[in-house]
């Protein structure tokens, strides 16, 4: 687009000025102004002070816990999300529609509800916790509990990004591989998985980003023991309750930076996939 | 490798796609399966490939029953209408795919694979394209790569499913000529499916015309065009007009007039019948013997002219084709038609 | 049919005829299908995983809520604080959802029907709240409107309270549920194109009339779906609301916050009873969504992202 091109391409449809003005105003008031406030606060702190605040050992261990468990949960969800997407797309079985609908449960169920339910389930006297306890395995109030809550939260991201792509995979590709002598497993590994890989990476990144920021599902099961099972979002809440706005801002700024990096990463994957495979 | 298909049937649920098809393909032959969509031609091809499981019958590859073999074991080369190239692999990796997936003991060495890819790239006239991706190639180039990929495994039979179907008209024609030359050089037993009669007649050694899961006629392109065996083939291949006539004591009548048709076998029935006539087999004179008719339409199309005649005492319009530079009759003129060739079938 | 074709024509149940030369049974599996046992195994694994990780927590909510019988369940709602929380939640959703509905329709109209500079950037900004932690979403409003915040002094001077009050809760909820409706509408409206609207205009319809009679009917199911998702999320939002609410019982406690308080006071049955209401809302949302997708598969844009 050249510089002297008009801002909007002429159209016979009415209402552009009104709707675009309202969209931008609303966006500015609800999203941009508040996020701007955070950036303003963070910039008045300066990089040096943000790093200093974040290097406090309690903050550091909370950030480490958040990132490690989020990464582990997203990684754990990749094979199972793939399996579930595969089964839902390729096979017909009784209850398929029910299980397809239930995938979105972590999206629809309020996080606090999920949080107390998971805690009840995995606590030493809960259904699963009681099974694990005799083996000396403590789940609730440990990083394992945090991990399991994040698995719950992240699963739909993988399934829902892979599912439509898998449904679109051309059966002829698999037939072509078979006529060339490739066995079923080989065909799936060398023909289907590469087609799915951008969607898998995107789903992974979405699940990871969501997990890092997750609060409600995690705080009940985490037990919130400083240095052990305290997550980064909780630290923001604690700092706010202590009126330590600078500390809260520093942690938030780091988390926001990670969110944006993830978003950028997702866009990069998708741009690369488009450029490489094109629309053949 | 010759191919022998015996009494092949295939049903999808309650609908039958193939009703007991018998077909022999000679070694090195280029055979076209021609028919409208839904005629079962693609199903037949996919059964031969092993991509579809027949409901009954046998498929013999060089006398050996392939029915029990999986698609991987059949050693066929299959080319899909939409190429089915692996988008995430380079052209070279696409072509060598069938060699690389072989078990270690039958897999050629990396160097042998590289040589084979180079050889095939040269054969399909795309040398130096090995490092590109399918999305960087045109449709015609992609289809040639798909052919090279199928040939890399040294197939016993080459199967092409509407190979030019996704290409535009000009590329189609070029690739068609190229494939004919290519076949003459390499000599693979080849089956290809098409719904385009021009393509089938142009390209094939032998044409098999299919309709509703059955073979209507098989023969050389000349046979199929000049001597259609059934009303369907008359309708489907080339242009023809259908006349409702009747046969009385072994003699055909259009309305009240008897028509003489050369080379017609003796008619062993009486009653209503259908006569199929191609426009180029209708000649007309202003006087003399023939089927008397009135000119009802004139239509110039390119280098020729179509003239519509209504035979006396009928509603049917018979078309004749004449060169455009010949002086045309006028609408309402009377003429005597001579039918030089036609097919006659009991109604 | 010749003898040699019997092997293939044999019915599924029948073993190959005696004396058959076939060493292997005929293949009945397509090359793009897995063996039945593989298929069964994969289905079992997937269903088992879903049952363990998704169904079990859901069942737990209702089991815990009714652990001490229906009486205890009902008793949980005799608490005036619970009723206040339910009312507050309904009020918040009743303001946040229509606000985002108007925004979603306006944004979708501008983005989907027109081509303008910076469109891709605008869409990214609309998606932004998806990738911000709810706690951070709450924090940004605190930084802006709390007494020590950027506008704190100004607000205090005029006697306006936003943080630890209803306006803050509503703002945080609007932020978190901001993209839902726009996200459902934009891809669908882009796919539908402008031809229907242009046809309406050539037939003499006014702009508003065209919108009501042509655009809206085309997108009504996607719109309903977006509203449902937005509503479920608005009623269930916890992190962002928790940060801005101040947890003032009977005044700034929404249902999720009330659940937290009850839970931390070891009133498990009451906590799960309130939770079961929200879980039921989630189930209804999912049920309607599944029904809409099944019934109007073509009218909803594929490949949702939440």
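A, B and C label the chains in the order they appear, each numbered from 1.
Keep this in mind: a residue touches a chain if its C-beta (ideal position, glycine included) is under 8 Å from a C-beta of that chain, and two chains touch if they have at least 3 such contacts.
Just so it is clear, the model here is predicted, and its values are computed rather than measured.
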Furthest chain, CA centroid comparison against chain C: B
Selected interface, A-B versus A-C, where C-beta contact pairs are more numerous: A-C
Distance from the mean Cα position of chain C to that of chain B, given in whole angstrom: 53
Rounded Å distance between chain A and chain C, as computed from the means of their C-alpha atoms: 15
Whole-Å gap between the CA centroids of chain A and chain B: 54
Where chain B touches two or more other chains, by residue: 50-51, 71-72
Contacts with 2+ other chains: residues of chain A: 175, 178
Two or more partner chains touched - positions in chain C: 31
Of chain B, residues touching chain C in the complex: 6-7, 9, 20, 50-58, 65, 67-72
Residues of chain A touching chain B in the complex: 170, 172-173, 175-183, 186, 190-191, 194-195, 276-280
Interfacial residue positions of chain A with respect to chain C in the complex: 1, 5, 7-9, 11-16, 18-20, 22-24, 26-27, 30-35, 37-38, 40-41, 80, 83-84, 86-88, 91, 93, 95, 97, 99-118, 120-121, 126-128, 151-152, 155-156, 160-161, 164, 171, 174-175, 178, 184, 206, 209, 212-216, 220, 233-234, 236-237, 240, 243, 245, 248-249, 252, 255-256, 259-260, 262-263
Residue ranges of chain B in contact with chain A within the complex: 49-51, 71-72, 75-78, 80, 82-89, 97-98, 101-102, 133-136, 142, 149-150, 152-153
Footprint of chain A on chain C - complex, ascending: 31-32, 34, 39, 42-43, 45-47, 49-50, 53-58, 60-61, 64, 102-103, 106-107, 109-111, 113-117, 122, 124-129, 131-137, 139-144, 148-150, 171, 174-175, 178, 194, 197-198, 201, 207, 210-211, 229, 232-233, 235-239, 242-243, 255-257, 259-260, 263, 268, 271-272, 275, 278-279, 282-283, 285-287, 289-290, 294, 302-306
